[in-house]
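Common to both upcoming complexes is subunit A, partnered first by subunit B, then by subunit C.
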Partner chain A sequence: MDRRNILEELKKVLYPYTENKELLQNINDDTNLVKDLKINSANLVDIIIDAEAKYNIEIDFDSAEKIITVGNCIDAIAEKIK
Partner chain B sequence: MNDPASVSQPIASTGNDIVDLSATDPLRTCNPRFYSRIISSEEKTLYDQWGELTFDNYVWLLWSIKESVYKYTSRTDTGLIFAPLNIPVLQLTAPAGDGFYKSMVIYGSEILYSRSIITNRLIVTVVCNDENFDRTWWGFRSVEQTAYADQSASVRTFALGKLHSALSRADLRIEKTTAGYPILLDGIGRLDIPLSLAHHGHFVAYSYRLPSSAEEPLREGGQAVPASRSSILKLAVLFPNNSLYKKSAAN
Partner chain C sequence: MSRRVVITGLGVVAPNGVGVPEFLASIRQGVSGIRYQPGYKDLHFNSQVSGIPVFNWDLLKNYVSEITFHGLQGHALGYGIMAALDAWRDAGNSVGGSETLWDTGCVFGSSVSECDVVKKIITRVDAGEAKKLGSRVIEQMMNSSITAYISGRLGLGNRIVATSAACATGTQAILMGYEYIQQGVAKRMVVGSSEHVDPYIFGAFDSMRILSRKFNHVPEQASRPMSQSAGGFVPGSGSGALILEDLDFALSRHARIYAELLGGACNSGGQRNGGSMTAPAAPGVIRCITDAVTNAGVSPDSIDLISGHLTATAADPLEIQNWCLALGRNGRNFPPVNSLKSMIGHSLSAAGSIESVAAVLQIVHQFVHPNINLEDPNPEILRQIDIGCLPTTMVEREIRTVAKANFGFGDVNACLIFSKYNQNG
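Presenting the complex of A and B:
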C-alpha cells in the first residue's frame, strides 16, 4: 500500500474526530492534526488506537509520540505494514 | 508595537487543561491499549494502591495534569512534543478540605505542582512551580456551543473578562504566538502575564500568573506598567478561595 492509499484510509480514521469534515479533502503530509484540523488533543490516543485496529498493527510508543502531522501518521502506519 | 513572536521568553509560566467527561468513553479509557499510552505502569500501580477514583477518571486526571505540565513547559521550550509517558506524576493526594486533588511532577529541571477539581461532569487542572499557587488564578465555566470556533471565542471572552476586572484595564487582548500558546497584550505590546486556555466539549478554562510584584506587572523586556492598589484589592475579593472556581462552574 503506497502513501496515497494510506492517506485515503487515514481520512476515514480522522473523520469522527474532525469537526470540519471539508478540511479532510485537502490534507497532506504537513497538515497538523491539532492546529490545522482542530482535533482535540484528548482524541490523539483515539486516532492511534483506531489506526492500529484498522491496519491490525501496533504503533510503538516512540512513533506515537511523534504523531503531530498527517505525514507522521502515514510514516507510523507505513513502517508497520511494509 | 512589539511583535508577539519576537519578544524574549517569559520568566514564569502557567498551564491548564479541562476534560469534559461526557466527551470521553469510559470503556475505551479502561482498555489497556488506550490507558497505557497515557499512564505508566508505575502510575497504574499508584492507582491500585490509591483507589480514590474510578479508573477512567484517574486516567483523565493524569492526562489533565500531564497536558497542563506540557503547556506550562512548552511556553519556554517551544519544540517540545507532548508525550504523556515522559511526564511522570510522582505524588497524588485526594482533597483534604480545600477540594483540590494535588500532585507533584518533576519534569526536566522543574518541580511542578498541580491542583485539580473533579466533578461528575469535568476534570480541570492548573499547574505552576509554586506549591502555594500564590500568584496563579484560574477558573472554568460551561458553554452552550461546542463548535471549536465557539469554544475558542468563549474561552477568550471568559479570560479577558476576568483579566479586565483583575487588572482594572479595558485595553487587553489575547493573541496566539506562532509557537501556539496564548499571550496577553495591551495597546502597546505584550504583557508579562503568562496565560493558558483550555476547552473541551461543554467547558472552557483559563489560568494566568501575575508577576512577583502584582502592583507592577512587568512588560516583556522589563518596562513597568503601574497598576493601582485597588486592582490588588479587587484580586483579593475576586479570588478569596476556591469558591470562585465552583461558582464559575455553575455559570
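Presenting the complex of A and C:
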C-alpha cells in the first residue's frame, strides 16, 4: 500500500476527531494534527488506537510520541505494514 | 438580605416521557413507563420489570459536539446531558457561547457508577489490553463526569459539584444549588441528578428481595406505592434537571418563572432510633420535614400537595405517619399525597430531580397527578389519612405549595418546599 492510499485511509481515521471536516480535504505530510486540524491532543491516543485496529498493527509508545504531523502518522503505519 | 430563588427551566428524561411535553402528558394521564425486560428472565432475576426511558441515543448529537459524541457511552451521562441542556434552553439560554459564565454553577448527582461501562474497562485490563482503552474512559468514569460534561458544554464558571446521597441525591442537589444562590455565591445553578440501573445494579437489588416480583406479566401494574398489594419497588432510570435563579437575576433578563423554591432541609437520622443503613429513622425524617417547612417560612397547613418518597415497600405506612407527625395533620385534614413512582418506578438518585420536575409542573398547570395501581390502599395508611387524600385519577385543583421529600440508604433525608411564584412575595 503506497503513501497515497494510506493517506486516504488515514482521513477516515481522523474524521471523527476533526471538528471542521473541510480541513481534511487538503491535508498533506506537513499538516500538524493539533495546530492545523485542531484535534484535541488527548485524542491523539484514540487516533493511534483506531489506526492500530484498522491495520491490525501495534504502534509502540515511543513511535506514537513522535506523531505530530500527518506525515509522521503515515510513516508509523507504513513501517508496520510493509 | 434574603434572596429569593426561582425555577426558570425544566428538563426530564423519564421512563414515561423524554422531554417535558411528553412527560407532562404522561403524568396527567397516569401513563406507566414500566416494561418487561426479557433478558432478566435469563439472568434468573425474581423481578423482571423496570422503567427505562425510550431514549434515542443519536439525539445526543444535538447536545454535544460530533467529536464528543464519538466515544460517548454512559447512559446516565447521556440522560443527564439531555435533561440539563433541555432545562438550560427551556430557560431561554443558548448553548455553546465562548464566554465563561462566572455567575452560573452546577450541582448534579448520581448514585452508582455504571457497571456496564466499568465491565468494559475490567475486561480490557484483565486481557492485558489497557493500552486500547483510549482517552475517553476516565472522563466518563469519574464521579464528576456528568457535571464535567454539562459545565463544559455550557461554559459554567461557578461551583461545579457532583453529589451522591443514594435516593436523596436529586433532592439534596437541588437544595445545594438553592443554598449557593441564597448565600450569594452564585446567581444561577443547573441542578439535578441522573441514574441508569443496569443489570448488575438491578441484580444486587433483586438479591435484597426488595423489588416487585409478582407483576412480571403485567409490568405497568408492578409499581404500587401505598397499596396493600405493594411488594417492593421497581427500579427506574432517567434524569431530571432544573434551572434555579436568583429572582432579581431572572427578572433582569425577563425570564419566564415557573415557580419559586421557598426552601428546604437535608439531614440524617444518624442510623439511630430505628434508623439503619437501609431504613430511615422517624425522628430524622420528621425533623427534616419540619425544618424544611420552617426554612421555607410557610405554615404546615399551607401545604397543598405532598410528593412523597413512597417507593412501594413496607416503609410506605411509616412515611405517611412521619408526614402526619411532622405537619400536625391527619385524617381529612391531610393534603393530597402522590407518588410518581407508581408510574416510573424508583429511579434512585434521579428520583428527587424527576419528581421535583413533576412537582413544579403540577404547580404550573394546577393539577395533582394520579397514583396509579392504588386500587387497594394499605389499611395502615387509611388509619392515618382519609382515602380522599389518595387521588387515583388526575385532579385539577389549586396547588400553591408542594412539599417534596426523598429518603435514602445511609439514613439521609431531604425535603424541598416549592411554591407558585407570587411577585409580591
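Worth a mention:
As a working rule, the second predicted complex is superposed on the first by the 82 of 82 C-alpha atoms of A that agree within 3 Å, B and C clash if a C-alpha of one lies under 4 Å from a C-alpha of the other, contacts with A are read in each partner's own complex, and residues count from 1 in each chain.
By our rule, a residue touches a chain if its C-beta (ideal position, glycine included) is under 8 Å from a C-beta of that chain, and two chains touch if they have at least 3 such contacts.
Values in this document were obtained by computation on a predicted structure and should not be read as measured data.
In the superposed model, A:Ile81 lies in contact with neither subunit B nor subunit C. Within the superposed three-chain model, A:Met1 lies out of touch with both subunit B and subunit C [touch as defined at top].
Partner contacting the larger number of subunit A residues, of subunit B and subunit C: B.
Once chain A of one complex is fitted onto chain A of the other, the partner contacts of A:Pro16 are limited to subunit C, with no touch recorded for subunit B.
Contact with subunit B, but none with subunit C, is seen for A:Lys35 once the two complexes are overlaid on the shared chain. In the superposition on chain A, A:Ile49 makes contact with both subunit B and subunit C. Subunit A residues in contact with subunit B (one complex) as well as with subunit C (other complex) are 19, 40, 42, 45-46, 49, 52. Interface residues of subunit C, counted against subunit A in their complex, comprise 65-67, 70-71, 131-132, 134-136.
Touching subunit A in their complex are the following residues of subunit B: 19, 23-24, 28, 31, 33-34, 37-38, 63, 67, 81-83, 85-86, 147-148, 180, 200. Here subunit A touches subunit C in the complex through residues 16-19, 40, 42-43, 45-46, 49, 52-53, going by the rule given at the top. Against subunit B, the residues of subunit A that register as touching in their complex are 19-20, 35, 38, 40-42, 45-46, 48-49, 52, 61, 64-66, 68.
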